[in-house]
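In what comes next, chain A is part of two complexes: it sits with chain B in the first one and with chain C in the second one.
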Partner chain A sequence: MRPFGPLRGGAADAARSLVASARLAWAIEGNWAQPVYLAAFLIVRPLAFLGLFLAVLSIGGSLNVATIGFVVIGQAVFQIVSAALEGPTHALLDDRERYRTIRYIFATPSSLLPVSIGRSLVKASIAGFSALVVIGAGMLLGVPMRAGGPDLLLFAAVLPLGLLSVVGLGIVLGGLCVQLRNDAWSYPEAVSSTVFLLCGAIFPLEVLPGPVQNIAAALPITWWIEGLRRALLGTTSPGILGTMPTNELLLILAVGTAVIWLISPRLFVAGIDRAREKGQLDQNTAS
Partner chain B sequence: MSGSTSPAAVQATGIGRVFSAKGGPVTALDGIDLRIEPGELFGVLGPNGAGKSTLIKILSTLLLPSTGSASIFGLDVVTETARVRRIMNLVAGGDFSGYGLLTVREQLAMFAQFYGLPYREGMAKVDAQLASFGIEEIRDRKISALSTGQRQKLNFARSFLNDPWILFLDEPTIGLDVSAARDVRDRVRAFQAEQPGRTVLLTTHYMAEADEMCDRIAIVDHGRILAQGTPTELKRMVQKDALFVVGIDALPASMSLDSLRALPGVISVAARDADGSDASGVGSPMRRLAIGLKEDGALGGVISALAAGGAHLQEISKSEPTLEEVFVQLVGRGISESDEASNGE
Partner chain C sequence: MGSSVVGAEAAALISRIHEETSWSLGRRIRHAFVSVVARAYPRVIGAAREPSWLFFDLVFPILGMCSIVFLLRSRGVDEAWIASTILATALLSFWISVVWMMGAQFHWERDSGNLLLYITAPVGLGAIALGMAIGGALGVVIRAVIITVAGVLLFGAKYQVADPFLLALVILAGVAAMYSLGVCLSSVFLISGREADHLGSLLNEPMQLLGGVYAPVRSMGTVGVVALGILPLAPAIDALRQVAVPQLAATGILPVGVELLILLVMTIVFGVIGRVLLAHIERVGRAGGKLLARAD
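Take a look at the complex of A and B:
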């Protein structure tokens, strides 16, 4: 039944939507202020947090080059982690509550999934600039980088896997939070902060209680940070993370990422369907 | 495409929707049955809270029905959403949607991608729609700087990008000034005229807009369709007989209202002053007669009788009830009263 007009479809549509939403994300994230203010924000904010942690370490008497290196990589990666975890939720809630465009996007043939992923990837990429700033600050503080330069092969393997895993977790959060009211804005931040404490970003897993260590070990982000430490610093973390051979670490990260992507799109779609069923998909709850 | 084997543009059967609320379940739609043929401009008329927007949300795949089923050109709105979304589009009035940081052209280009248009084809359509709506001069203006009327034109331009087979318009002229509303109505008519079979489902609570634009209208209240038909059919529901107003210089002395009432096919005759009020006194000069007939054809006998008596005919008009009167009879209150009641709830 084709009264008139063509019926298109396929993966090409999803790719187009991803690119279009990425462009939108750049316009939103990159144009909210003058470039100089944006740059200042991307530099000052992560440096302030780094300074805070180093001050705490200093007070505790454990400030040395090794711990600074440990914290610097954890801090750098977490710039990206928090952006990617919060990205899909903020995109969906922005479109529902602020821009009020979600009904028009949802009513297109494009799925909200590539739209959310595109927005999240750009947020994470912009946060990548902050990550570089933190690593640069670490080098200025005397953190020794890997002898002979970064392990680019390992870096190239670990970076996309970790990024994919965290974007996958972000879209699960997006699918959950779109079912909630406007106050769902803060939930991904709460999750992000919890993950920050668990994944070995600022202290070794060994300081965590036993059962919590198991949760931490199940997070791909934990292995992502460890992989990046090895690629950039050439050092390993203390305890279980440090004893894991690099090829096994890569395997764990790859399997974890695959499992996340096996599940997360389904959970995202289920969340959107649930919001549609409840009538909350395009319901502006802020006004 | 309008042959008997073609699917309906909209086929809804027993559509119901119940929302959960703190005070208990709220029924927004209660057993809606609807069939809209391809090429129709169908209006859904009702006060705020009648269920108009809920119906459009279900048909445009934004919301699931609690009961019943619906299809768009034969495609189920629950199970075939991806295909439905390829052939429909949606415009809501007064929602101030849009990405303020994007320019008009950037936003349209983005939606062209979401509609699955290849880049060059999409940009060509964007520029064509900008020209069609006369908003080329604001193509590089940020959305945040647009007026309400410009935003709604942009919204319509977006909705035409995918050449929809069916367009859902939810109160599209709300908040627009007279000129902008007229532009929108003209563009909707042009959209349908460009391609036979294009269908429009319009919700509104502007009676004149529904009367002027719609081929058929459903009047809804409290989630139910109270009546549906062409505007003329609906008006006949409150006025079954034909009513004409005949203007003459004076009633001939040889005639009386009773003699006119005795003519074949005449049901009633009443004198009516220019302001519409009844006049009294037979034989006195009068200007207008309100004549009720069993059918339009009986008018000829009345005119002949008046002419034979020497009366000079000055005007003839057919008097019809307004949609507002139809609405009042069906719903039991005026639409403005209904809106006030809804707002007060």
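Take a look at the complex of A and C:
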């Protein structure tokens, strides 16, 4: 047991920290406005995103429902990806820069790792509501969902694996960004935007330049989105994504998630320790 | 016991106080001009001193532009739309600056403590807002140029500008109207609490959709027509598309001349409304003691 640091105590302590931070995250993320305004915000922005992409797609002629379905699921899932990737960094920076409470969290028996994961999961859950809104809008536009309802078995396997992999990448970013001063807020968004470009959320991977396609195929997020498309739409995507058998897709996702979780806590701990050694952990940079 | 001032000495003192506090119109204009330049200076020079700001100001729009270009290519559309997307992204960098560096600025200044300095300095918030607008626009010009050049190099876009003067006029009118709206937005952000960040987010993608930034505003139907009258992005990008990408001129919803007129009217109307709103919120905020209260 480590007496100090970002990962200490037993599993029960970690679980308590995670629950407490999740409740705190809900208080921060969920009560900045009246519920009706909060709901409007969670509905308007993702729908505007979807509308923007569909408007662009419609330049190429009338849209078929399969194309709309491809974009709808990609756009919906990416709401969660974006929130989970950016969540840990924003939580750490919020506590350091805005609320100036990181030193107090560090002084409690809580560990920063479960605290960051808890904050990230709540952000992802709130984004999940936006994802449902986008999927609902897609259904209103006539997107044909899987006959007989979603493939629950596949959904239950893919959803937690993908979510874990994204949160794992998010905490790596958190451990990295807490060591930065300038523009620490911007790095997760830059990573998220790059992943959006690469992961086949709104267009098939074949459109990307050749070498970039290989990078895209190596991202677990790419296969997460494809897995959820198969579970919800019951069809495979066009091109490379569609050629992968579902069991192999699950294997790639599982291996990718395992590798991420083998590495990410260590990188997070190393990042927090380094920030602490350099006196940056609670340094307000007014950024 | 303090000494009293009487006679000629008192008259001289009164005259001096009068001279220093009753400014002529010319002096007020000179003072406002100096204030505007002083606030614009850090926007242009300060921003250039921090390379990471330039990097992130470029990387986000370019990544967004790439997403839209690949989306268009997945549909095999005319390459003219790629050229239009690049221009739209460059224009969008001004809009993002309007939302975050103009609209949200006073809100951030309040939370960081700088608004207190503005309020106590002998400078009006209007002059500061104008300085932010001019400096912001000048600072974004270089970013917009880099985005356009990057887009041309990455995607081989081609432009046929028959009338460069008209193109410059469209850009100038569009930018002026957007920053005028930014003065109005700064008032709204100033009375916002924790919802300010979310408000800023709502002014991005939804406005890109309503403004017909990447797809013609015509595709939005009646909503698009309404947007042409109230959202500077809409007439600006529509006119820009017609002037710089003639293959897409047929997608224009109004003639370029009319859209220039709309942008001019927007600049004046938003400028006046923004000035009045800012003065009102400053007055009410002072009276209520909430002008400098942090949001969180």
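Operating definition for what follows: the second predicted complex is superposed on the first by the 275 of 287 C-alpha atoms of A that agree within 3 Å, B and C clash if a C-alpha of one lies under 4 Å from a C-alpha of the other, contacts with A are read in each partner's own complex, and residues count from 1 in each chain.
FYI, contacts are C-beta pairs under 8 Å (C-beta built on N, C-alpha and C of every residue); 3 or more make two chains touch, one makes a residue touch a chain.
Just so you know, these numbers come straight off a predicted model, no measurement behind them.
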| item | value |
| --- | --- |
| First (chain B), second (chain C), both or neither touched by A:218 | neither |
| Partner chain in contact with A:203 - chain B first, chain C second, else both or neither | second |
| Touched partner set for A:55, first chain B, second chain C, both or neither | second |
| Partner chain(s) touched by A:99 [first = chain B, second = chain C, both, neither] | both |
| Touching partner for A:139 - first (chain B), second (chain C), both, neither | neither |
| Chain B versus chain C as contact partner of A:263, first or second or both or neither | neither |
| Which superposed partner A:37 touches (first chain B, second chain C, both, neither) | second |
| First, second, both or neither for A:281, with chain B first and chain C second | first |
| Footprint overlap on chain A, where chain B in one structure and chain C in the other make contact | 32, 99 |
| Chain A-facing residues of chain C, complex | 50, 52-53, 56, 59-60, 63-64, 66-68, 70-77, 81, 112, 193-195, 198, 201-202, 205-206, 208-209, 214-216, 219-220, 296 |
| For the chain A and chain B complex, residues of the former touching the latter | 1, 3-5, 7-9, 12-13, 16-17, 19-21, 23-24, 27-28, 31-32, 99-101, 103-110, 115, 276-279, 281-282 |
| Contacting residues of chain A [partner chain C, same complex] | 32-33, 37, 41, 44-45, 48-49, 51-53, 55-61, 98-99, 182-183, 186, 189-190, 193-194, 196-197, 202-204, 207-208, 286 |
| Residue ranges of chain B touching chain A (in the complex, touch as defined) | 1, 6-7, 17, 19-20, 38, 57, 60-64, 73-74, 82-83, 85-90, 92, 95-102, 106, 109-111, 113-116, 119, 158, 162-163, 165, 195, 197 |
